[in-house]
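Pasting the structures here.
Two complexes come next, and they have one chain in common, subunit A, joined by subunit B in the first and subunit C in the second.
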Partner chain A sequence: MEPPSTSPPTTMDQILAAEQDKWLADAKAAVKQQAFYMKKAIDEDNLRDVFKYSSAMLGELRTSLLSPQKYYELYMRAFDELRGLEMFFEEQRGKGHTASELYELVQHAGNVLPRLYLLVTVGSVFIRSHESSIKSLLKDLVEMCGGIQHPVRGLFLRTYLTQTSREGLNLIECKVDEESSTGDAVEFVLQNFTEMNKLWVRMKHQGPVRERGKREKERKELRDLVGKNLVILSSMEDVGVEMYGEIVLPRILEQVVNCKDELAQNYLMDCIIQVFPDEFHIKTMETFVEGCGNLHQDTNVAQILCGLIKRLSNFMENEPETSSGLFEEHQTFERLLDPATKISEKVGSQAAASIYAAILDFAVKTSEGKALGRVDQVLSKCAEALKTADVTSQASRTLKSILTTPLDSYAITDLLDLKSYPDVMQLLSPQMQNAVAVDIIEKILKKGTIIPNVKKVASLFDFISTIVEDIKSEEDEDDVDEEEIEEEQNLVARLVHQMKSEDESIDESFAILKLAKERFEKGGPLRVKHTLPTVVFDVLQLVKRDDDEERCEKMLKFLHSVIEVISEVPEPEKAFKLYLECILVADMKKLENSAYDFATAAFDIYENGIPDQKAQVEALKMLIGCLSSCSNFGEDNFDALSSAATKWSIKLLKKSDQCVSVFSCAHLFNIADEGNSEKVMVCLKRALTAAKQAQGMAKSSRGELGPVELFIAILNKYLFFFDKQEGEALIKAEDVQNLLDLVSNETSSLTTSGAEGNDRALKFYHNTLRHIMSQKEKFPEKYSALSLKS
Partner chain B sequence: MNFLGFKAPVTVGCELLKGGGVKPELVTVRSASGAPETIPLYNDGDTVSGAVTVTPAFGKKIDHQGIKIELLGQIETYYDKGSFYDFVAAVREVSGPGEVKEEVKYDFEFPNVEMLNETYNGVNVRLRYVVKVTIVRSYRGSVVKDFNFCVRNTTVLPEINNSIKMEVGIEDCLHIEFEYKKSKYHLKDVLVGKIYFLLVQIKLKHMELEIRRRETTGSGSNQYNETQTMAKYEVMDGAPVKGECIPIRLFLSAYDLTPTYKNVNNKFSVKYFLNLVLVDEEDRRYFKQQEIHLFRTEL
Partner chain C sequence: MVLVLCLGDLHVPYRTSDLPQQFKDILLPGKVGQILCTGDICTKEMYDYLKTICTNIHVVKGQFDEDHAYPETKVVKIGDLKFGLVHGHTVIPWGDISSLGMVQRQMDVDVLISGHTHEFRTYAYEDKLLVNPGSATGAYSSKEASTTPSFCLFDVDSTKATIYTYKLKDGEVKKEKMFFEKRA
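Showing the complex of A and B:
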């Protein structure tokens, strides 16, 4: 028994490749040998033997064994030899043979393939001889080649014809032959092209189905043989746009459409786009696009159309002056859009989207002034076409680019006139819509664009409605990502600042903000809490600027309704703060009634809407701060407000909070006023009591020192009023001294412990002492009664 | 004639001329043995004249019973060996019995001979024209010498020359329509035609056009048909699809053809056919044969 072989297994492909190499080598060797005899016969001027051996040499091309790639190598080998043969025939013509004699003689060859190679070879000699009209010779050659129906052999024979006929075509172009016109040359190339394409397409159906993929790959390698004909047509200088539109293009398209093969159609349509001049495309747009509509369903029509549009767009970029005139004259845009619309209905969503993306790009690049209208047209058609389609994720991405492309090219304010923009957005998934909306907003913010009137603002809201409005269905409720919403809404909020009249018209700006509020309200509680406050602030800005009292009141009234919405979210603290803002502005504008209204509303929220005591402390602090900044309240109103504030301060739960709040209230009262000074004192004393109580509780329950800071703070208040008063109308130096002593006692016990709170208290205390000393220096008389212990 | 190794001590030569002493054109034809021979060419109605020279071997003389020169048109059928049929026979006695001692020259003339049939070398039959010189001898055998010449006749162009057009096929398999521009061709003609493929369900490999010659000899139960392929011309390579049209152009001058002969003296006929053959990948042959009429317009 033999041991198993250790050599690596040879795959079928390797075997096939090796066979191919061998067959090719054999065929090449045979060509070489016959060529040798042929050349010998040429040297001996033996016409009969030349025919014999050249036929034998060309007979090698009859092989069916080689792959197209290998066949090409063999063809090139034979092609080289045919050059010498052609020269020989040329010489024979000088030696008494006419070209037509030779032309007949080569046709005696019994095998069709060698015969036709010889015929084409003599044909080129014949063409040069002027013995016959070039047109009839070309026609004869291209027709006779019909004898080869084998795809690969036929393709190469016709490639040979293409190569050798160039000279004839040139002669026609040089008008050497009166009987032959450019039309004849074109006809010849078209016919050869048609036949070659038919052969090329036929390759697909040759051989077993399982090798279809391999064959398609092989076919792809041969495509330039077919495309070459189009290159030749495009290089004929006498083929003007008229002939192109009436003959060349329709004929090419006829073949491309009829071959019903997607590989050929994809390649050839692109070939047409690439090889012929821009001007031709512009002037024959309809024909081409109509052809696109008739292509095979597997053909990528969208890609072809996009290719054309891109080519035109590039033309615009490279030669803006020549092209724009042409585009307008020939209504290129309109001629593209209508048929593209038709095509887009037949293709998938991604393909349709890419068509519209290309047209949009074209519209943007080419049509300057008219562009925006055109952009809108494209968008409208796009929305229409894809309305009922199943938009894939890829298509969505393309659609998104359709929506974002114009953002770079146009001012946002202009884009807002695009009525169909939101319609296209509707095609996207909610996430995508959000992304586009965010893009738009970011663009506005980045450029600082002002959206100057109600109409534009309304349309902007339409554009970004997806993030402004709450469009999610109930089921999605759980998925709500609050952080994301917050992020988005903050952007939206910033956007509000960009919405204002450019000429500072308050009416316009107010109308805009009113609209904003209306739209924001549709966003539901999750959104309004982020967006409405901005509206409030912006309206307040207007109020501040406005001198028209009536209008101010109107605006403030409007704010009332806005803040009410916020409070109902419920977002009471936010609403509360906003009310305070309003109070300040209203007070500033001396609109007492409005201010009072806001204050009552704020108080109402404080009482009913802020349950958390920490928040209450905070709110109260702000309220007191706010009230103390107001200066235009009438006595009664203010009394009511300040009393309420004081009352609430006393009601606070924690003694320390009470203390702080109450001594803050002291600032609410104007000490110049007799009655009020008393209230100040009440407040201060009340604060002191609260502080003591707090200290007492701290000591008894927890054994701690208690809030020394409170005492220091109260001392500061005392000092403040002591300083402000006239003489000693309110606070006696004695009272201050008592408090000072108390504080100094308390602080002395602090020094031992090193807790952080204590440090702070000490620092506070020392600062206070320093203040007193400086005051003593400045006002020695007033402060003489105060003595500092150490 | 050379019997028993005794060669007659005489050489017979013959110069063939046309009327008025004009030298005839020479043509090269294939002889019965297959070797080419170059012989004079005559047409129907030509005068066949010339001079026969009889030259005895040096220093010899021959006695004879007379010398005659015959002009014969013969049809020879091979299947019936040795059967000659003379459809033309004329004779000139140029000398009575006598003696030839030195070269003698005998002029002869057959004026305006009717030679309607053309020289033909077929498979089973041959038609030939000959000038036969016989030196009659009563003993040692007569001396007979043949001098072949060729006859070709031209005809005028036929007035009616229809195209051959026909649709043929195998149901659901292959349908073609072929069209040959003419049904009658002269021998230097070009056969032009087209093959349209109307339906192709089989995998064809190639297509060729054959010119076949059918020679019919004898009659009744003794009729013999012999078919030869005179030309084989590939016209298509590969498999066409429906709608393709294949051009055909065949130069007849490249082949050794004769005109169509119809019932020559009730002895034989020669007909020509175009045979279109389609070969599929399994080498099956599909064919359709059409008779064409060949004629001669120039010599």
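Showing the complex of A and C:
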């Protein structure tokens, strides 16, 4: 039996962490102890012991056991002690030792690492002493540090050098030393930077491959040690844009490119962008972007470029005047776009898309007036670069933002000049293209923007072609969502009302609508039935206000071709209704031939295209309503039309439908017109016959007029014409009275049954009686012959 | 008291693109208790929009409505008043008072609301009321030279109603008021 474990099981990581803590504690204790002796020696002014114990203390930094983070803690501990040591050396100089003597002395220390720390410490005293040229001392130190090639130890030693050399660099800047120039200071920092970066990159390859991930994480945490050098360079006031462009930037880039390390490149390129001033970037754009092109393939070049562009865009926002001058002078946009295009071809679709999104944003923000041309350039390059790429869904989202962002910044009518907009749209999935198209349409509708000419309308159709045209292949036909199409097409249809000439030019507006028809036809039957009716109504509006008869006829002729398309969908009822609208307008414009042509077309549909009886009854009602509203047909033509309507009414299947339809036909004839008044009578009598036939047949089904109601309705029609006629030209009071008596008889048999239809008929009857009474009061003479039985 | 919105002939999208913003600003949700619509709404989107104003909505079928669920006519009792609703394209001649009068008698209503002509009209017919709220969108009509967007509100109090009419002229909403009382 195994003994029960007393402590909870520990993972390998926990064991390692505990070990690290222990090692660090041990090393720190040792540093503390040696520092104690060192300080005692300092108090005793014993130079030999000071060397001895400080060397021993610094010897602790030779450890290889600690992780970079733990090593950092240890370094900080030692660093604190070194400041006391430096003060001691400074004092020694006052006591008769020269700095160069001390510099010689420390070189006797046994181990290389303690020796170099001591050398750097004394070095800073030496620099301050003016005993030698600062330039040569810095050069000496930075080269001596090359003695440590262990990545972590070397990196921290050089960090120490960075920290202690600041004073020397300041002295050079203050021109204390005639022999040393800003160039020398820059050279020193660049050299130290280069060496530090090499060490930092080499860290990656220390230790087993399986711990690479962990090591990269540790390495990332040390990045600011390397970046600090760039901060120092950027803070040197004498480094102007010229020196930056000729020396500093090329040298930094040389190291960044050569190190071929993704972590270092991502970090350092961003560091350059962030620490140096905007003006430097603008003036050295080409060098930087060229450098970007040479980075490692795993480096996120897009992010780097976007970072640069973002920085420039911010500059624009913060200092619009200074920046725009600089941008134009240095052709920032052009210098950005061309190399960025080259880079975009080498990276993935998402990276490329984000580069173009950033440049577009920059173009929009920075180039007033020229912006649209530039936006088009960006879109053009973008479409070109991604034409054959595999566009990921993330890239699609970025591309979508490229397309929708300008919608908020520019007038839509201006955007329509962007030739490459549809090309970028093509890169998206059909669903996304639709979403962008819907965005565009909704923007236009919301703002009430007018699209004023054929050119712009054509361009708009190109922009939204995905939603207008039927691009789906036949295989997809099964998953067509008709409701969705209807909703989209209703939106498109609303758009048509926004397409018109702004100065009311009928020719321009008509040309626009002709184009609209042409484009809509590409949408196939599912779409045209929703979109084309709008074209019909908008053309009719033009006809209504046009005084040019010839042009009106041309436009009406065009409508035939539009409605034919709708008819062939097939949507015969819709086409029929549209023809009726055309008849009304043509009649209003006194274009009788056109009106008659439309009527012929409508009749043709009625006879051959209306599918069922119910639809026929409806259609006939509409036709009769339409014809009764026309006032400009010649006698012969109208005769033909009204006869046809009457004939069809009589042919309807149900007697009740016949009755209602035929008494409606009575309204087609003017009772005051002698030639036609007879026809009114014929219709009314025919209706009465139909009502009687209906009565003789089976009971009416629910919802339809019962025979009694039909009689009452006919009575009402008699009253209508009785009232309208002059004297008793046509309808005698006697006729009305006969009908009234008939109705009275019919209704008296209804009173007791109480069914819904009976109740309705009775109310209708009573209301009719009240109407007659009211008429008798108003026109006592005319109605005197009518007597109402109570 | 019930506030009743009475409108119709929207004709979106075929004849016009939307209801005027000025009207939308007035027709806020929760203000009216019922909607009487004379039809020719034409799309589901517009019907859904009307539903946002008030869910209690009565619609009759217009000439260009393709929703076959709408009835041809409808009678709605509000307070002590009977409202009749008909689009009007089947009332021949269109907009004719006498013909509408016959429909009023047939439907046995106190107020007959019809549309189709796109022309706002209220007419005291014998002791009844005929109302055409016009086109709320000011949609084009093949008969009229021009159209003014309009609608009306009925404030119904048992047998009485105050009618507020709204018309959009030169970008401004003109409001008028009239009364109707049903005779005993």
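Annotations
Operating definition for what follows: the second predicted complex is superposed on the first by the 740 of 790 C-alpha atoms of A that agree within 3 Å, B and C clash if a C-alpha of one lies under 4 Å from a C-alpha of the other, contacts with A are read in each partner's own complex, and residues count from 1 in each chain.
Quick note on the criterion: contacts are C-beta pairs under 8 Å (C-beta built on N, C-alpha and C of every residue); 3 or more make two chains touch, one makes a residue touch a chain.
Being a predicted model, the structure only gives us computed values, none of them experimental.
By the touch criterion defined above, A:Lys381 reaches neither subunit B nor subunit C. By the touch criterion defined above, A:Arg251 lies against neither subunit B nor subunit C after alignment on the C-alpha atoms of chain A. In the superposition on chain A, contact of A:Val112 is made with subunit B only, not with subunit C. In the superposed model, A:Arg686 lies in contact with neither subunit B nor subunit C.
Contacts of A:Thr534 after superposition on the shared chain: subunit C is touched, whereas subunit B is not. Of the two partner chains, subunit B is the only one touched by A:Glu143; subunit C is not.
Counting the residues of subunit A touched by each of subunit B and subunit C gives the higher count for C.
Once chain A of one complex is fitted onto chain A of the other, the partner contacts of A:Lys400 are absent, as it touches neither subunit B nor subunit C.
Residue overlap on subunit A between its contacts with subunit B in one complex and with subunit C in the other: absent.
The touching residues of subunit B, counted against subunit A in their complex, run 204, 206, 232-241, 244-247, 249, 251, 254. Residues 445, 486-487, 490-491, 493-498, 530, 533-534, 536-537, 540-541, 544, 577, 581, 584-585, 588, 621-622, 624-625, 628-629, 664, 667, 709, 712-713, 716-717, 720, 723-724, 760, 763-764, 767-768, 770-771, 774 of subunit A are the ones touching subunit C in the complex.
Against subunit A, the residues of subunit C that register as touching in their complex are 12-18, 43-45, 63-64, 89-90, 92-94, 98-99, 101-102, 104-106, 108, 126, 140, 142-143, 145.
Here subunit A touches subunit B in the complex through residues 62, 104, 107-108, 110-113, 115, 143-144, 146-151, 153-154, 198, 202, 206, going by the rule given at the top.
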